[in-house]
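I've put the structures underneath this note.
Shared chain: chain A. Partners: chain B in the first complex, chain C in the second.
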Partner chain A sequence: MNARQPPKHSLNIVDRPLSKNRSEVPTVSLSAFAYLFSEYIQYLVDRANSISELEDRLEKVGFEVGLRVLELLSYRDKVLRRKTDVLDILRFIHGPAWQYLFGKTADDLQQAANGDDEYYIRDYDLLVSRYISVPRSYEPFNPGTLAAGIMRGMLDSAGFPARVTAHFVSHKDRQRPITTFMIKLEPSVMQRQAYLEAAKKG
Partner chain B sequence: MLRGGPAGARNAPSLEQINAEVFTLTYGSIVRQLISDFEDIEEVNKQLEQMGYNMGIRLVDEFLAKAKITRCSSFRDTADVVAKQALPMFLNVSANVANWNPDQTECSLILTDNPLADFVELPEEYRELKYCNVLAGVVRGALEMVNMEVECRWVSDMLKGDDCYELRIKLNEHRDERFPFKDDD
Partner chain C sequence: MKMGITCVAFIGPQNNPMYLRSMDPATDDHYLKLHYIVHCALDAVEEKVLLKRGPSDSQDVYLGLLYPTEDYRVYGYLTNTHVKIILLLDDEAPIKDEAVLRVLRRLHSLYVDTTSNPFHKFGLPITSPRFDAQLEQIVALYPRPGASLGGFTT
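The block that comes next holds the complex of A and B.
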């Protein structure tokens, strides 16, 4: 093969303008995404040794997506203020971020009763796992782990390290179980939060 | 849910949509994971093509069910359908068909816009990586399910400095319908 010429753009990729900075978001068909996602899960099933390894690797893919999604959204957002409060970032994820990723806001945001470092976000019909069915032998596996990874990436990128896990919860009114994401923030975040609140009062 | 489809397509129905950037970023993440799993770039290329093949064999069913097309009478027709209906339907981009060989068994699909490779820059050490190889696999898988055995390879790649993405499709043979059961069972 002949050696290829070096790229004609002399600008680094991060210096180039975001060509897709349009007002409406470009889309591809959900089918394309669904095929890619299920194929990747198939690849992981063949290679992973256990269900938790499978979930970890899937979550890692989502994590990298989340890091970049937050940067993209912050860049395009008119308001350039960074969020420093836990509730602010969670509301951002529940609202604008979910809207951008999946076309609608998430359905529920709730703080856990037993600790102020645990929060729940619910989505009644997660777009990415709509066409995935989990057989009984893989029971604890949840394809929503990809979305959990995206959330963890966004939280991490915003400075709120946390653990995010996805769970199916069956609901009596709905045929398909609801996906619930449990967000457990790290102690360093809670310390900082307490410090900020004390500073606000004092 | 996001609704909408390609703006200029006449026959392609509008499938439910998802944000293209999520798709792009997820694909990028997957490629990165594959690179860290396999030491060898050629292995990654092969794996991407295999994944694409598996996607293609299922995707063609959905395409045939949703697009109202008549039977293709020749490979030329097939290439047109892939470029002007299948690609817009799934990826919201259209391609041109060009560079036919005199036999009418080889052609190129030319794309100027590729949602798989937005925001991507290939560093020097991954020069051999065929980033969009999954698309080559999809075309191969889809056409194999309609009894055309083809070979697909990338000739031009915008990530490597060329000015478009060119996928060369070569028809090897038309296979007859293979029945899974033998006649004497």
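The block that comes next holds the complex of A and C.
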């Protein structure tokens, strides 16, 4: 087995700009992540008393990650401006944030038909759930809850408190079910949004 | 007598003070005064943020000179996660905006480093000694009056 020297980075890892060229960005091995994630879920299954508690704990972990991810990304991406509009932050999550976390942008972003405080983001093959199959006895559980927690962390620290839940939707064309994230923004955000719209017009 | 950066403060998204440090040795009374000045600076930050509602691309991080008080000049910086970095300067000489911006960016980088720590709790006061030491290093970069900016000695 080859022993390789770890690459030396001249700049502090946080100072290096986000580069468009994929080969320059240091990445984590997918199998390492898959192992770690599966161990973590086993750890949680031992300790949690119910499925909802399991989901809660997983989501909390994602929340902490999300807080830090937003801080990091908004620092590194020099041209990024502070988002005050709901659509802006959702597009940011759908695009650069997903790209940074999972190597590709999310697949779909749409607003729900009923009420404008609900949005859906879809990913056809969520990275974290790729190597996990949920048995029938754990049916409502969705490992995508980790990603849902990350999104909630990002929304919360950007000033848009919301509830994010992950759902599996099976699609006839695809082997694996699509993960749909339902984002429900809190009323305070919608009020602020309405106020901003009015201020822009008047 | 030391001049230059007198005080650095980090305020959290809920306007909770996370870190306030005077660069000169200060008494408790002096700290009270600094807290008061930083608190007033928060109002100025809010004002600046509200004023920029019109054109959507002016949501800049660097807020510039917030307001001059009797002894100090107050500079503000607002990050994407609503964390405010307030800098108090003791200088009377004309200030270069770029120098202040440089220091503020490095402070932002330091903050991002600190929050990347998985054991860091958001919103609570920052008590890490490493943070203190690195902050001192960054502040030392800001040119003192009398010292030439280019690094050459005359």
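Quick note on the criterion: the second predicted complex is superposed on the first by the 177 of 202 C-alpha atoms of A that agree within 3 Å, B and C clash if a C-alpha of one lies under 4 Å from a C-alpha of the other, contacts with A are read in each partner's own complex, and residues count from 1 in each chain.
As a convention for this text, a contact is a pair of C-beta atoms (placed from the backbone, for glycine too) under 8 Å apart; a residue touches a chain by one contact, two chains touch by 3 or more.
In this text the structure is predicted, and so the values were computed from the model without any measurement.
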Which of chain B and chain C A:Lys83 touches, first, second, both or neither: second
Partner chain in contact with A:Ala199 - chain B first, chain C second, else both or neither: second
Partner, of chain C and chain B, that touches more residues belonging to chain A: B
Partner chain in contact with A:Lys184 - chain B first, chain C second, else both or neither: neither
Partner chain(s) touched by A:Phe33 [first = chain B, second = chain C, both, neither]: first
Touched partner set for A:His171, first chain B, second chain C, both or neither: neither
Which superposed partner A:Tyr75 touches (first chain B, second chain C, both, neither): second
Residues of chain A contacting chain B in one complex and chain C in the other: 12, 64, 68, 72
Parts of chain C lying in touch with chain A, wherever the complex brings them together: 13, 53-54, 56-57, 59-61, 78-83, 108-109, 111-113, 115-116, 118, 122
For the chain A and chain B complex, residues of the former touching the latter: 4-8, 12-13, 20, 25-33, 35-37, 39-40, 42-43, 47, 57, 60-62, 64-65, 68-69, 72, 100-104, 127, 146
Contacting residues of chain B [partner chain A, same complex]: 1-2, 4-5, 15-23, 25-30, 32-33, 37, 47, 51, 54-55, 58-59, 62, 89-92, 115, 118-121, 127, 134, 160-162
Residue numbers on chain A that touch chain C, as the complex places them: 12, 14-15, 64, 67-68, 70-72, 74-75, 80-85, 157-159, 196, 199-200
